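Notes follow the structure.
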Amino acid sequence: MKKVFNTLAHPGEKELIFGRARYPLKTRKGLVIGGGKVYPELNFTLPPMNINAQTLPEIKNIYRSVITDACDRALELNSPGLVIELELLIEMTLNPDFAYEITAVIAEELNACFHKRGLKTAFRVTPNDTRDKNRPPVMRSGELLDKILITFEKCAKAGGELLSIESTGGKEIHDDALLNCDLEKAVFALSIMGARDMEFLWEKICKIAKETNTVAAGDTACGFANTAMVLAQKKFIPRIFAALDRVAAIPRSLVAYEQGAVGPGKDCGYENPFLKAITGYPMSMEGKTAACAHSSPLGNIAGAVCDLWSNESVQNIKLLGGMAPTVSLEQLIYDCRLMNQTDNDSALVLRDLMIRSDAYLDPQAYIFKPENIIAISKAIVNQPSPYLRTKAAVETAFDILHKALKEGELTLPPLEESWIHVIEESIQRLPSDEQQFIEQIMPKLDSSKFIAGEYDL
Amino acid sequence: MKDMIERLAFCIEKGKVDKDAPYPPELKDQDGASELTAQLLKSGVSANVILKEALMAGMHAIGEKFGRGRAFIPELLIAAKAMNAAMAHLQPHFESGEVKYRGTFIIGTVSGDLHDIGKNIVRMVLKGNGWNVIDLGVDVQAEEFISTLEEIPDAFIGLSALLTTTMMSMESTVQALKQKFPENKIFIGGAPVSPEFNKRIGADGYFREPQSLVRHLATIV
Amino acid sequence: MKKVFNTLAHPGEKELIFGRARYPLKTRKGLVIGGGKVYPELNFTLPPMNINAQTLPEIKNIYRSVITDACDRALELNSPGLVIELELLIEMTLNPDFAYEITAVIAEELNACFHKRGLKTAFRVTPNDTRDKNRPPVMRSGELLDKILITFEKCAKAGGELLSIESTGGKEIHDDALLNCDLEKAVFALSIMGARDMEFLWEKICKIAKETNTVAAGDTACGFANTAMVLAQKKFIPRIFAALDRVAAIPRSLVAYEQGAVGPGKDCGYENPFLKAITGYPMSMEGKTAACAHSSPLGNIAGAVCDLWSNESVQNIKLLGGMAPTVSLEQLIYDCRLMNQTDNDSALVLRDLMIRSDAYLDPQAYIFKPENIIAISKAIVNQPSPYLRTKAAVETAFDILHKALKEGELTLPPLEESWIHVIEESIQRLPSDEQQFIEQIMPKLDSSKFIAGEYDL
Amino acid sequence: MKDMIERLAFCIEKGKVDKDAPYPPELKDQDGASELTAQLLKSGVSANVILKEALMAGMHAIGEKFGRGRAFIPELLIAAKAMNAAMAHLQPHFESGEVKYRGTFIIGTVSGDLHDIGKNIVRMVLKGNGWNVIDLGVDVQAEEFISTLEEIPDAFIGLSALLTTTMMSMESTVQALKQKFPENKIFIGGAPVSPEFNKRIGADGYFREPQSLVRHLATIV
């Protein structure tokens, strides 16, 4: 049943470009994502407030007004389409009825705006992976898991169309791996724990999508590689480590598509350009216009191959020009307009400017050069299992970065230099056999932090 | 003796746990924090001097570098490991009351919030500066803070929150704590928190990063 | 003494492009504005708070922290330069000592960052035109004027380098003209009242600049044409009226350069592209990244010929990714990076994408097409006086828009159509003689609103 | 008669001031608001009926269009001019007490703030809806509001602010007013103002645009 990706959907460097995916997604209201245009994907969150039955009416009002303002602005600025993401907050996944009601309010507004004013929209809902509320987390059973799945189902029924999650299997080990810059443990957390958990979880999500006639859209390694990116941005860990952690996340996130997801991959997955090369499905990305949510070394280059362009998250607070989500949307729309003006030639010019803008300043950006995306993606599809794919991805990326450093195409802050060797050594310690890897690493892990059985370990 | 104290401080800073530790490569096969501490104690140096002039000095050096962007967290962590190895030898002297921590600091991420990386860094930096830190973990209810404070009534408290929605738990936690323990200082931090918010909820200080908290604590203790 | 502009500094459509001005400005710290690169210009304002002697220390702290954060972010993101604008708030111009102290704090931070960390910066200070605090305003004498001039001088001495203002001469009449969509009165307010007042005021500002060894940078018709733009954006007045009001503002704002200003023109002057064509001086512009301050139909096209790229204004409040000014700065830096990656060919490609993005959706954008900038600017320099220049500018722009509408290159909302004729008629009522114009219009004005003698009327 | 009332309402909506007025072109040389009002009064129609069924109906029609983005401000302004021309004829009836405004509304931009375009629009819309509006202008001190309220104790108040810094004058103005006149309703507006701010400073309602203020007033008067 599992879909197998062993070739690239976009093998050519020039076909890897914003707005154009090999397998576009047509949504209910007729948006074609990846079919030639880039659309804004708007995210937003609540201002400081409690979430409970008493505040639910107020919360619904806030979301409703965010959506009406967004639709108004999108129409004023002639946006050809709009994608809304509702990223739930944990109280909503813990109370699936809250999630249902909020989703319904947003769906209602979007429907009204489509029918009365013709704005084509799509609506992504992202329940939370609340399983790590208990530590060590129980991954495959229990009330928390049940509620996650109920939330998916309820939100799908309430009008959510694109289903996503940022699943957390393996994070128990990965957090420490990050702070210690321990690449072996990070690879283990992502390629063994994460991939196994995603297989378990996404089989269920894809089933819900099928039953509710919605779209299984994809998962991101937000809690893994984005945490690495934030830490690197704060100069807490080396950037080169964050770059390798990123590529190590690709085979993990690919599991969703193997289980049947078809995109658009969620904004915060900077593994999406690789996933697009591999799967041909459209992808959402976030870059400079998401500076409201976090600083990033990928401000422009993240847009080079995106199909949706997102602001990640902004509180609903007032700025001089309007509420912050509306402000973000205006910025996204103008970014999209620029991309959507292009013909085949100028699209490549613009894409290459985006790439050159960032690629030589940070290893996390450098791996986003199209030739590097393709080399790393190829190394991945040439291998049979998530672990071997991850090993290959990390090795290929390290070689690419090492070469770029040697040739002076890329420079690193002096502080990072001593880390190159440390990282190289830990890559060399990755065996070619998965079972051997598991045996080699299990004794080094803090067994109080995770339940081995939840990962068939 | 002074020489040996300096060597110990250096081992802490560099994260040389003990003789067997492979890291850092340049100190291979030399004595580490563990051995040097044992030797110093044996040769009669007081636990207090070892703590202040070697351990805390070493942690201060690496913490300082970290604060100025000249060291990464893994380096801070390995230094903390070396410090722990040394502390094991000092433990009896703490128990006898011969040496003392600067004070006790209770830390936790507030109820509803599962983010802990930032909080863990704060814990590490506080420990490195001679604080006895009690980490209550994530998703901590106000009651837990209260019951811990009941046991250690002169402790300081640190709350972390990373979500705009759990800022409200931070507020109610502060209220609950202030009601029972109006005298204890509560400090707050985390990405969405701000000095205005600190003022509004009646906490005793917002700090953007642990270094400034440590500096502030030094002025009041 | 007056500088005369009767030819275009940038007569060629292809030479009218971002980052490149005919007469670049070299600043104290070595930034060359208009010399090939576009730099971010960061603006910010206070959160809700009082401004008085008690709060001054707090205010200084706020500004200081905005600047240190901005410098940090600029360095992290490898920005080749940074321009800071301090737009004063009226209490500061009313208390020049406040203005002095705040300016000094910012200058100190910028100097430290330059000397210790090598960041090239320039610092613009914009005192307020407080003269309209009294109504009808006294323009040429009195304590309010004195304080404005003292503020300029003090800020120049405290470390401000680029001096700007948004002067308000003529606004007494223009506000009503706008709400009534009375083009004759608007032309009068701008070309007679505004131009005369600017001549008076800028002679003085240029003198201060000379004496303090600072740069007279320019004035904008913010209170005029930007108010029109905001009103049009709210659908309160026709967009076509706002477009014509914009071009009517060009000869007025040109007066600063005639008096000796050399740019960079201030961000909120959307007459700047024309002024760049005429004068060859570098210009600051604001577009999509200023959505934090106001919605705009010029999000991308405003960048087509800019030399500095600004966010206009944002309160110092906390967003998830950091304080709002720092967030804005990150966005500006990435926008600039994109422009700064270009060579001569790709610069034109990018510029033309920016133009196509907006030009056909709004008359205010359409007049920004380079060929239209040049046609309108030519019409201006071919005339001898501000009034005749304004008449020519309005006529030329109207013809351009009319033709575009007829040919279907541009469409207007149906509601606006009836206005085209009304506007055409009022353009036809503009006589070729200035004195005749004055005599024709004076009886129609509400004489309680302004003091004729302050404008030699 | 009904026909003539409708014609008057139409003249108001279209801004036909009087017979001589050139605008709107399609009503050239026809009677305008001024003539029609005089005729209606002469033929015995009560001033009250004229006000409600013609003037306010006409203003409501154009105000409604404006609110839905179907008319521009200049159209609202010219309608207001026509209304003023008609009102001149009704003036004696107001003085005699035969007709009444919905109430009195005092409006102004707060101290330190010189922005008035938004406030002027609010004034216009209120007038069109039958309110007696007293406009205190810009840069209005709290004392001015107070002394005006002392004269008209049952008036409503509207404050406008466009600068984040003058939001503080708004706050102090509300405080000063509430202290002396706790019963009078104060409404606020302007670009940087928000419902949260309204709550915080204890005002009685924030409205994004005048139409919603008018709708709210209709529910409480």
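Going in written order, the chains are labelled A, B, C and D, and every chain counts its residues from 1.
In this section, a residue touches a chain if its C-beta (ideal position, glycine included) is under 8 Å from a C-beta of that chain, and two chains touch if they have at least 3 such contacts.
Treat the numbers as computed from the prediction; the structure is a model and nothing was measured.
Our note on geometry: chain A versus chain D, Cα centroid distance of 52 Å, whole angstroms. For the pair chain B and chain D, the distance between C-alpha centroids works out to 63 Å. With centres defined as mean CA coordinates, chain B is found 34 Å away from chain A. With touch defined as above, residues shared between interfaces to two or more other chains in chain C number as follows: 45, 47, 315, 320. Looking at chain B, residues 164, 192 sit in touch with two or more other chains.
Chain-to-chain contact here is organised irregularly, matching neither a line nor a ring nor a star, and falling short of all pairs touching. Pairwise, the chains that make contact are A-B, A-C, A-D, B-C, C-D.
By the touch rule above, chain D contacts chain A in their complex via residues 164, 191-192, 194, 196. Contact residues on chain C toward chain B in their complex (touch as defined above): 47, 318, 320. Of all residues in chain D, those touching chain C in their complex are 69-74, 77-78, 112, 114, 116-117, 120-121, 137-139, 163-165, 167-168, 192, 197. Residue ranges of chain C in contact with chain A, taken from their complex: 45, 73, 76-78, 233, 287-296, 299-300, 313-315, 317, 319-322, 324, 327-328, 330-331, 333-335, 337-338, 341-342, 346, 349-350, 352-354, 356-358, 361.
Considering their complex, residues 45-51, 89-91, 132-133, 135, 175, 178-181, 227, 231, 235-238, 315, 415, 419 of chain A touch chain B.
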